[in-house]
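Shared between the two complexes below is chain A, which pairs with chain B and chain C, respectively.
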Partner chain A sequence: MIVCVAVVGHQNNPLYLQSFTEADDALKLHHIVHCSLDVIEERVNNPKKSGPTLNETFLGLLYPTENYKVYGYLTNTKVKFILVTTDLEVRDADVRSFFRRFHAAYVDAVSNPFHVPGKKINSKTFAARVSSIVKTFGSGAA
Partner chain B sequence: MAREVAESCVDAVVIEMVSAFCDRFYSAEPELAARRIEAIGYQVGHQLVERYTVDCPRFTDHLEAIKFICKDFWSELFKKQIDNLKTNHRGTFVLQDNMFRWITRISPSPVPESKNESPTPSEDNQLAQATSMHLYFPCGIIRGALTNLGIPCAVSADISHRPACK
Partner chain C sequence: MIGVGGKIKQYTNVLDKPLSKGRQEVSLSAFAFLFSELVQYNQTQVDNITELERRLEDAGYAVGTRVLELLCHREKGNRRETRLLGILSFVHSTVWKVLFGKVADSLEKGTEHEDEYMISEKELLVNRFISVPKDMGAFNCGAFVAGIVRGVLENAGFPAVVTAHFVPMEGQQRPRTTILIKFADEVLRREAMLG
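Presenting the complex of A and B:
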């Protein structure tokens, strides 16, 4: 179950934050997203030269907390996508395809001439597309 | 879902934009017109590069980003790659395009029949100025693209040979 998705700009400014649970712990989710930014920075600045992960956009599992897993994705324009999920078994391929579709929706939202780069994304179409991507996450696995 | 637009429409929009800014909006101050055109190009480049880097692996350094601009970005915009790339390894790059699509159709205004010498220097100058106005937009596009990739920069354009027949 995806709990929250977030888009963070290249100066670590939040561009979009959406939670998908009814519970009122939005603040806790904000905090988890914020902490994962540190992990991303660390991964990017100290690349593991052994792995093929030097140039990848998909950063993989950032860190598992008590009941959440956090996945990260970094675009070429230094925009970070963060996904928080409570699923215990999540397939790598699922997360990658999620981020691919999320990236496409993000690019469409940013190409809006009325969107000011650096400000929050206020597009309803983007919100609707993200909700539909979140709904189909994981159901393709079974 | 890629949609396509006729190239003539793009040409027409760019030409009209340049002439609108130069002759109607800021007719008395060409520097302001140039800056507005460059700012429009900046926003376009900023958004375009988001779209064109979707499937690329992340760039490790400035040279990779410039190579991306020379190859993928240029071929998406102008259907060809940059012909020559030079650098002084200290932060300056020279990109050379031998047939820049957007100014291949620029020609001097027809000369009245009484003068049959080669164009005078002042006419040449006017033509150079008009052509350089058209180059501010692509400069803005490149600057927007590089800034979004994390490389603050300044871009300037230079024409060595105007389109001509031999």
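Presenting the complex of A and C:
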């Protein structure tokens, strides 16, 4: 079950945070997303020599915490997508395809000429697309 | 149309057919008109040509940021560019291909300074239907394209100052256009560190 998705800009400013639980824990989610930014920085700056090549976009499982798992994805413009989920078995391919669709929705939202880069994403279509992607993610993972 | 599962769907009514994607091109005349309106509108708002050039460049910058996001997503096997030559060849081929339908004519390294690179084009698409009056001096509507390049470079992590210049060529009546890219110090230091 996906708890929340977040988009963080290249100066680590939050651009979008959407939670998919009924509880009103936006602050806790902000905190988890913020902590995961450190892990991303560390992965980007100290690449494992034996690991994947320097410039992969999908960063994989960043770190597991209490009952959440956090996945990261880095685009070419240093914009980061964070996915927080409570699922215990999550297939790698599912997360990758989730991020691919999320990236497509993000590109469409940014291409809007009225969107100011660096400010919060206020597009209703973007929010609707993200919700539909999240719903299909839940049912796709067996 | 091929549906899921490989079955061919037959459409009885032509109205039920999904809209075709169309050719992935925009008509040149539509763009030329739009660009000329853009230049004219900005001309009424400013008093001097440096301001006009700056406004065109800002418009191009906005396009550049969005083009970068879009291209990075569309490219299969996407890798984030960290090297200078990598990002320059990306701009020179991929960005030019998407925007103008062909790769740029040439990419050169400047001889006087370490941090200067030039992308040149015999005739910029945006300048094709524009002739600059004599009293505007060295104004070049290629400032729009310079803005696009600056947008792409800056958002990829390579801050630079990008300008457009006319370079007269012997044997040709119209001068060649050159986009001059001057990278910031931190880019060169980082490049030197990466080895």
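Here are some notes:
Just so it is clear, the second predicted complex is superposed on the first by the 139 of 142 C-alpha atoms of A that agree within 3 Å, B and C clash if a C-alpha of one lies under 4 Å from a C-alpha of the other, contacts with A are read in each partner's own complex, and residues count from 1 in each chain.
The rule is short, and it goes like this: a contact is a pair of C-beta atoms (placed from the backbone, for glycine too) under 8 Å apart; a residue touches a chain by one contact, two chains touch by 3 or more.
These numbers come from a predicted model, not from an experiment.
Contacts of A:103 after superposition on the shared chain: both chain B and chain C are touched.
In the superposed model, A:74 makes contact with both chain B and chain C.
Of the two partner chains, chain B and chain C are each touched by A:111. Once both structures are placed on chain A, chain A residues 10, 54-57, 74-78, 103-104, 106-107, 110-111, 113, 117 are touched by chain B and, in the other complex, by chain C. Chain B meets chain A in the complex at residues 43, 46-47, 49-51, 53-54, 56-60, 148-150.
Of all residues in chain A, those touching chain B in their complex are 10, 54-57, 74-78, 103-104, 106-107, 110-111, 113, 117. The part of chain C that touches chain A in the complex is made up of residues 62, 65-66, 68-70, 72-73, 78-82, 155-157.
In the complex of the two chains, the chain A residues touching chain C come out as 10, 53-57, 74-79, 103-104, 106-107, 110-111, 113, 117.
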